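What follows is a single structure, and I will ask about it in a moment.
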Amino acid sequence: MAHAVERASAVRTERPDRIREILSWYASDNPGTLTNLARLMNHGRLGGTGRFVILPVDQGFEHGPARSFAANPAGYDPRYHFELAIAAGCNAYAAPLGFLEAGAAEFAGQIPLILKLNNSDSLSGGKDPCPALTGAVDDALRLGAAAIGFTIYPGSAERNTMYQEIRDLTREAKAKGLAVVIWSYPRGSALSKEGETAIDVVAYAAQIACQLGAHIVKVKPPSAHIEQEAAKKVYEKQRVPIGTLAERVRHVVQSAFDGRRIVIFSGGEAKDTAAIFDEVRGIRDGGGFGSIIGRNSFQRPREEALAFLGQVMDLYAGGAK
Amino acid sequence: MAHAVERASAVRTERPDRIREILSWYASDNPGTLTNLARLMNHGRLGGTGRFVILPVDQGFEHGPARSFAANPAGYDPRYHFELAIAAGCNAYAAPLGFLEAGAAEFAGQIPLILKLNNSDSLSGGKDPCPALTGAVDDALRLGAAAIGFTIYPGSAERNTMYQEIRDLTREAKAKGLAVVIWSYPRGSALSKEGETAIDVVAYAAQIACQLGAHIVKVKPPSAHIEQEAAKKVYEKQRVPIGTLAERVRHVVQSAFDGRRIVIFSGGEAKDTAAIFDEVRGIRDGGGFGSIIGRNSFQRPREEALAFLGQVMDLYAGGAK
Amino acid sequence: MAHAVERASAVRTERPDRIREILSWYASDNPGTLTNLARLMNHGRLGGTGRFVILPVDQGFEHGPARSFAANPAGYDPRYHFELAIAAGCNAYAAPLGFLEAGAAEFAGQIPLILKLNNSDSLSGGKDPCPALTGAVDDALRLGAAAIGFTIYPGSAERNTMYQEIRDLTREAKAKGLAVVIWSYPRGSALSKEGETAIDVVAYAAQIACQLGAHIVKVKPPSAHIEQEAAKKVYEKQRVPIGTLAERVRHVVQSAFDGRRIVIFSGGEAKDTAAIFDEVRGIRDGGGFGSIIGRNSFQRPREEALAFLGQVMDLYAGGAK
Amino acid sequence: MAHAVERASAVRTERPDRIREILSWYASDNPGTLTNLARLMNHGRLGGTGRFVILPVDQGFEHGPARSFAANPAGYDPRYHFELAIAAGCNAYAAPLGFLEAGAAEFAGQIPLILKLNNSDSLSGGKDPCPALTGAVDDALRLGAAAIGFTIYPGSAERNTMYQEIRDLTREAKAKGLAVVIWSYPRGSALSKEGETAIDVVAYAAQIACQLGAHIVKVKPPSAHIEQEAAKKVYEKQRVPIGTLAERVRHVVQSAFDGRRIVIFSGGEAKDTAAIFDEVRGIRDGGGFGSIIGRNSFQRPREEALAFLGQVMDLYAGGAK
Amino acid sequence: MAHAVERASAVRTERPDRIREILSWYASDNPGTLTNLARLMNHGRLGGTGRFVILPVDQGFEHGPARSFAANPAGYDPRYHFELAIAAGCNAYAAPLGFLEAGAAEFAGQIPLILKLNNSDSLSGGKDPCPALTGAVDDALRLGAAAIGFTIYPGSAERNTMYQEIRDLTREAKAKGLAVVIWSYPRGSALSKEGETAIDVVAYAAQIACQLGAHIVKVKPPSAHIEQEAAKKVYEKQRVPIGTLAERVRHVVQSAFDGRRIVIFSGGEAKDTAAIFDEVRGIRDGGGFGSIIGRNSFQRPREEALAFLGQVMDLYAGGAK
């Protein structure tokens, strides 16, 4: 593979103003953090568009190695994912400490990195999840990462632990010029299974992440279900449109400071390619900023994954329908 | 909207001595904190009167975005609330980290800010609430805030956690020249629902906040109910007058170091405008220092909200009955 | 009220050697701490005698404002208690953070202050009490206090938390030249109600406070009840005299390093004046170092309180029987 | 015993490139850590081969002294194990604080040391183990150790405590130029007894240790059992070969970043020598990096142990079948 | 009492080499710690012999004042114990913070001190004991102590808390040139009452303390009972001799790094003098390093105690049988 380099968007960006516009939403941040946000937005095939496709690979920790990589054994090697993200032209590559350490030097400067700072394994469980802290802001700095990543589980009885951890990590990251990406996944004894992706709950999860100071928020595509009674009354009274995925995405984006925070959507379990493209169209049409797609990328053979990610990027870039 | 600026009260204040009088109650504080207290008192339409109307917007975190903003969707945008507070001539605008970060640079110097340092969401509950820490004193400094805000729930089994958090935050804030505003809301397994606004409990909550070192205390308007048996005996024996709201407010203010701490009252759920004005009259007549009005402000259309807040300020300023 | 000043005992002390003698018991302390101990002993009507009458006012936090101050509403004002303690000639005035902040500047240098660093409210309870930390050693320094005060509840399942907090606070206070006063109140699921004031338990509580490094220990007047079986055998075998209050006080003082630590006794609930004077005589005759009298002082009208405290001081000074 | 010295592998290594190759996997580490990894790989009879035989002696803490040392009482003396490891030509000697302190000066520079930083005793138990921290990174530095060792128990309800402890210790160790060895032993209420050595679980345990940033991972030889339903489907669908020990070892090594992390295997309970040699052959043939053999070494008479360890090394070196 | 001074052993030691030999076991310690170990070994009647008789007085905290001191009321005065230890020629005097503070200045330089850093009271209990931290390493320094003392309860569910506390205190103490004495008392829900002094358990407790880095370990004289099934098999198979107290002491000393750590034995409850002397003979004959005798010393009249301690020392010195 040819040696890739992070390039400024100047060369191939049609909408340089869009990046300046998005950066203007984060006017309270220092130039170091703005620079890293810009790095994320100016890299890859979608560089300069304000749209995102990010490759996340924390499934080795979260689900175990065989469940993650046996389908495409090249993925056991941490370098594979760096290469895949670079070759596909993703905006960034996100992974836990060990996976980033195993390639950060070799691929230094070729793609912005997001260091996931907390993780759960699936060897033990419980109704109210709380990931373990597995990395630190200074690890992100020494590995040359552009951002930290962190998962919160609103709805878990352990939510305060997570909110307070990210409170401290966010303050440190911003002081040290890094960007902050929050995975906001409602889950826990306070929610039904269906409620985890309910429109009211997903919109609320986006709001919480923004209030905690996230620059970029990752949520799941919401369903039309409404979980909370008090919310249901409002959605009905105010006739908030939530019939289509695009409408729901629009509501979630609105719930993220009226669209002034970057909201991206997860791909979820590996599934039918056509279904994913439909989902991406819904996200795009609703004003979502992009996708973060793990298993659907790295569990396919490399060429297939590159073609797949290319099509997703085309959809976001407007070069496909 | 014209560009507003914080102005000293010298120009339009009828009672400059009142501010000096109030500041004299805080003689143990350093000049930095006194300056920020003065900023809060000298800003807006009530500047220089020693009365307060503050706009708080933490409902996005506490109740979720749709329940907070769907009635007036302009409120999804964090800038809306800065503008509303400035246009209405409020003394200050209070919000969690994310909401302040999203406007602090754009509106820098136009209105004193209060950074709420802890928050709860309503995706999970429990009988004994304890908010998560969501911001820090240094965040308040970097955002140019004049004060930190913090919620305690006396009556909760988790009260010690909250008291000890605010103990540390207060010490740090005072050393760094900030003012401290405590939201003191009795709640928890030790209290009945009715007891949360009982006169003995609200007065006690005001006392606790003052003893913890608050400069400004926010409580709910008290009812005539008396929750605790030991207190009831005293109220009856000493014939403490609690028949009218004004009398109850007077007792609460007396319970805040004989009126030598600033006590303001929350507006509570959105309700009938006339009822609010009656409540404000009671607060004013009882010697309360003002109101902190969230949902009743930002859930109305902007012009209506401005008119409404203007009338509340007139009531406090004595320009209306 | 005339402006009072801390005066050295040289002018009016009959027994200057007594202060030197007492200070000699604390030979491991630095000169800063010895100076503050001397300030406590040289101030007020009992200055130079080695006897103490201290005014403590933490009832606003512990019992609520109306229960504390409605009987004598002047007490809602924090300045009242400073003035009362000064006018009465108390050795010191002790209160939580908020109450001291509200007068420390105005009365600076007029009376030694003791900052209570932990407090409980009575809005919620539980069998095993543990107060919240509500102040810090640095607060004591910035307020010009001579000592920190701290409550431990031996017998509570939470005792280790309290012992470890005072361990750290004591070390810091001593390094910074402050004196340490421990309120040692046995209470908790391990003790019967009667046991809280049992002679064996009160003597044990005094010993624990001394072992934790207290300079001054405050306990309740002990009853003749013996709580613990293992202790009972010893009291009977060794025929420890505990029949009268004086004998019991003597035993408690002996249990405080054979009288080489200052032990003072609380007044407890407001009660009959004659009964209090009897109690004071018992404390005095048993070698107790004095009283710390809150509710019985500030819940009376000012003139009555001054007369009452004057008589208590006369009893300790030997000028009355 | 002749005075041994750490010698660089240059003299007797057939495959110096192998060490450089292995070090290249750790390119994100600083030269201090790489130097210590090289020390571990260049020492002893297997120096320069990239294979390992390590002597660990934490059984005194974990199982008690008599169970550990009565069979060969020379082992009560901590110096015995230093000497044994040196004489046998092990790569390193690993032990808890006390055992290393008792010989680190006398044997300074003769063998690389690994300080075990956490330990459990077997005087008390529970379903969800969590070792106590018993040493610190700075202890490793002052004792001249090359690496820290740490045990995690994936599957324990206390896993987050362990993961977060090693997160902080790893960061500190790497910043201070030490290597990190993680003992990853699945155990706890989430797993069956059989599941503790199930192939899916052992592979997952290796992955977790790598993601946490370990340079060297120690696991148990895996059985062909599959514990988790979700994993079973994948192993069957992808036909992952797990029939022989060599195949299972290969899968575990693959699960450790596709073989780019050093994975070594424990010896377990003392057992039949032939069975151990078979196990070693399986580890070797599967691409395992070596063995860490405690009880099977030090519970034999010294000469027998030396012969035994020599044969194990021969197997790894390829000088025996 | 004549003014005593710490004297080097040169004058009256028959076996100066023994001290050098013992110090050689602690070769990983810095000269500051070695100096303090030497102070402990060179002081008193047994100075220079490598044997110890230490006076510990923490019963005031642990059992209460009357149970501790009423039998010999001179002991209420903290100075009494300093004097007793000096007059008797003990190697050291060990006590909690308050007791040491009350004499450290007056008796400075006359006897090595050991500051007990954690303590339990007996006003409340529970099956799984965990003492409170009551002092700090810096307290030991400011009081001129030679060592810190710390109690662990192997077998308690709270063992990890204690192990981790002593881990941190030990590291700090060693860095600051102090010696570390661990009281290792098996106790807790995992053990039977009989098991607390079982030979396997006591030997294990000694091992744990050594592994945690103790220089001196204090255990109880072991009984011939074996508590743990897994241990029992080994004791029987290996025929470890445990029939006599001397044999059991020998096994415990062996379990303390083959005799390369100082192990001393507690006296336990006050009992028959002849029984104590027998016990001392057993300890001596088994190679124990000495005794730490509290209640049997200070609860006797002074002269009787001096005679008693003298005889114990004679037994250890070999001047009596």
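The chains carry the letters A, B, C, D and E, assigned in the order they are written, with residues numbered from 1 in each.
Note that a contact is a pair of C-beta atoms (placed from the backbone, for glycine too) under 8 Å apart; a residue touches a chain by one contact, two chains touch by 3 or more.
Note that the coordinates shown come from a computational prediction; the quantities given were computed from them, not determined experimentally.
K.L.:
Rotation angle, chain B onto chain E: superpose the C-alpha atoms of these two copies and give the value as a multiple of 5 degrees.
P.N.:
Rotating chain B by 145 degrees superposes it on chain E.
K.L.:
Could you grab the centroid distance between chain B and chain D? Build each centroid from C-alpha atoms only and quote it in angstrom.
P.N.:
Once rounded, the distance between the two centres reads 59 Å.
K.L.:
Per the centroid of Cα atoms for each chain, what is the distance between chain C and chain E, given in Å?
P.N.:
Taking the mean C-alpha position of each chain, the two centres sit 36 Å apart.
K.L.:
Taking each residue of chain A in turn, which ones touch at least two of the other chains?
P.N.:
none
K.L.:
For this assembly, give the contact graph shape among line, ring, star, complete and other.
P.N.:
ring
K.L.:
Could you read off the chains around the ring in order, chain A leading and chain B following?
P.N.:
Putting chain A first and chain B second, the full ring order comes out as A, B, C, E, D.
K.L.:
Hey, which residues of chain E end up touching chain D in the complex?
P.N.:
Going through chain E, the ones touching chain D are 25-29, 154-157, 159-160, 163-164, 167-168, 171, 186, 188-191, 200-201, 203-208, 210-214, 228, 230-231, 234-235, 238, 240, 251, 254-255, 257-258, 260-261.
K.L.:
Going by the contact rule at the top, pick out the chain A residues touching chain D in the complex.
P.N.:
Going through chain A, the ones touching chain D are 60-61, 63-67, 70-71, 73, 76-78, 96-102, 104-106, 119, 121-126, 130-136, 138-139, 142-143.
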